[in-house]
């Protein structure tokens, strides 16, 4: 039995994120969506707005929790009894980067990593692309959870 | 709660396979190591030898089962109440191939896929490399389970 | 104005192939779907069956022709007044291989290459996967043209 | 018949860009070289200088136009009757990024994407590298159009 | 006989760097570890601290020198009688980037490039990851030279 | 000071191989071009013909030797006082495969590996492509050494 964490900036949360959360919630006993709060990095949405959006989108999944963290993920995981990181992989370019992170999570914090291959029509749309579309006044309703 | 399957030829099973099985056994309620029996493909070890080696190597993991199958993995999974495929990923080259398989497993059989990034000193040694070393009369003890 | 060729084994033609042909037919004055006939390689469908299937699937596209060839694509192109090769790319793994082919097509035959990124729900299903599903008695209707 | 756009920062335009423009001009009825004007990003050359350089380099290609745009490429394409994006691919690393863009161009703006594999001795030199060489007082004449 | 250079920011030097330096020192007559001093980029450790750390870590390798440079590596190489760049490769993602650099080093400065595949338990930990761990107050002793 | 080996099938040797041999001969004290003789794999050129072609092409490089081997490269290396494998890398796809080989060479035989990024106009043409061109009666003079 595992307790998972799905970390990210979620600025904003996308349909692709939601798809990983849904599949991950069936894999773990509990899954914590952990919003990384990096004060040095400007975000389009405030931390509070991001947390609210995610809580709303995940309210029907009983074993999904939403939280924020600063600093290292391995510290957040240890303090919250979390043993496994969940990540979505869209392509080979993602993989080499995520592999490097997974190695250091395990090496410094005994934190396991599990990857889900992305799936579905809108899974390729990243938060960065959604922000571009928002700036360009486009309809983004199909790329984000309702 | 998920029932996983770890499919492969296992000709022979390697330390890298064992490492994925151990980590996978903690992730799933049950994990079935499924030896693919392809009569058209010559193997170095007979199906029986392969099954025996794996059973031996996995005997201390209570929720790990060992079986063989012919034909499609999605049929084997359906017949055995399995809902998730477990695969190890060593590098970006593996990813694009495994992504393609994961897409078709889900599309034709509603079979989920979960990837674990490979880890550890001998995880890079494939069965094919071990067969080469056996043919060259090398000591392979550290690349296979005891 | 360009005359394109879309070469392949098409054993059998898939929905992913059709999607590239449709998009390619809008890009070129004429597009020739060229079935490679390699007598040394066993195919599941005969050359005639493959040609029939493709002709049927492409009959509504006025500027699409269907033909077969043996030997080198650069010779077929030269004999048929074709100046550009069309290829679909599904992932980064495809790219490095196709780049190598494109280099030699240009270098030996002044044949240009144009790549279309694959798109759509079933674009990831290769002919090899379809053959596996046929052998396993699965319904493949959504992976091939009607 | 297609109207293409080749978007970029072109800070400055390189021999590799020129090679893609030449090949693209033969593929499309018209090809618009569209200089992205991003006021938040510092450029080495001013927008006007970049436009002048490109106009000069492309003056012998009758169906090539040069323009600048701000905001989203899909809006620029719609306003200018453009239906296809042209991009050069140098390596597999480029591919995964360009595939993501191509997906969103199509998904939000029905904008098709066509990739040309880069070719030629100096095709690997990016604008960023040319800027470094300029800062280091190196001769860059072979990496940029005359 | 070749004189090599191993360039980098080394902010700070890692066990992975040391492993490449050790193997490189056996390959070249002399190997210069060249710390890039980029005044526009903030570093965690000062240039002097970085030079001291590297000199300390390399003091037992007789043919290894330590230096800093500003501007272009090809100029530094020419001024110091260096003919070959040494780089470590961790994964396929590194390769496409390093290939681009190697092409321009040779093209503009006749500077050869030699790649060593990374090896060893801690070779995957980059300077950036070590900086994160330092900020998070973690023990980093196994990721850096003594 | 190192003694290198450049292993391959060389069926036939190409301009790309020659380019790696020339650059490698400047890197090592001696470089042995080692033709792999695999009796189970059909080759277009006989072992003797391949050896003759390579000897001819390399006769002006004083520190280059030509030999053939059967079985494992690590055994050939040990018997011949060779400590380093030389390999050319054309793209990211090559890398992941070569990295796996490099790991096992070192792990089982303490054999170091050094990679050179391919370079030059014809470096992309593999032996397999040259064989295809020979079967198609094309002029291959620029893809092979004189």
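A, B, C, D, E and F are the chain letters, set down in written order, and residue numbers restart from 1 in every chain.
Here, a contact is a pair of C-beta atoms (placed from the backbone, for glycine too) under 8 Å apart; a residue touches a chain by one contact, two chains touch by 3 or more.
What you see is a predicted model; the values in this text were computed from it and never measured.
Using CA-based centroids throughout, the chain positioned farthest away from chain B is D. The chain with its Cα centre farthest from the Cα centre of chain A is F.
Listed options A-C, E-F or A-D contain a single repeat of the D-E interface, assigned here to A-D, on the basis that more than half of the contact pairs agree by residue number.
Where chain B touches chain C, under half of the residue numbers in use are shared by the two copies, so each contributes mostly different positions. We define each chain's centre as the mean of its Cα atoms; on that basis chain C and chain D are separated by 28 Å.
With centres defined as mean CA coordinates, chain F is found 38 Å away from chain D. Centroids of chain A and chain E (each the mean of its C-alpha atoms) stand 33 Å apart. For the pair chain B and chain D, the distance between C-alpha centroids works out to 46 Å.
Annotation for chain F: residues touching 2 or more other chains are 91-93, 96, 99, 103. A list of each chain pair in contact follows: A-B, A-C, A-D, A-E, B-C, B-E, B-F, C-D, C-F, D-E, D-F, E-F. Residue ranges of chain E in contact with chain F, taken from their complex: 2, 23, 26-27, 84, 89, 91-93, 95-96, 98-99, 102-103, 106, 112-117, 119.
Interface residues of chain C, counted against chain A in their complex, comprise 91-93, 121. Residue ranges of chain C in contact with chain B, taken from their complex: 90-94, 122, 124-126, 129, 132-133, 135-136, 138. Across the interface of their complex, chain E is touched by residues 71-72, 74-75, 92-93, 96-97, 99-100, 103-104, 107-108 of chain A.
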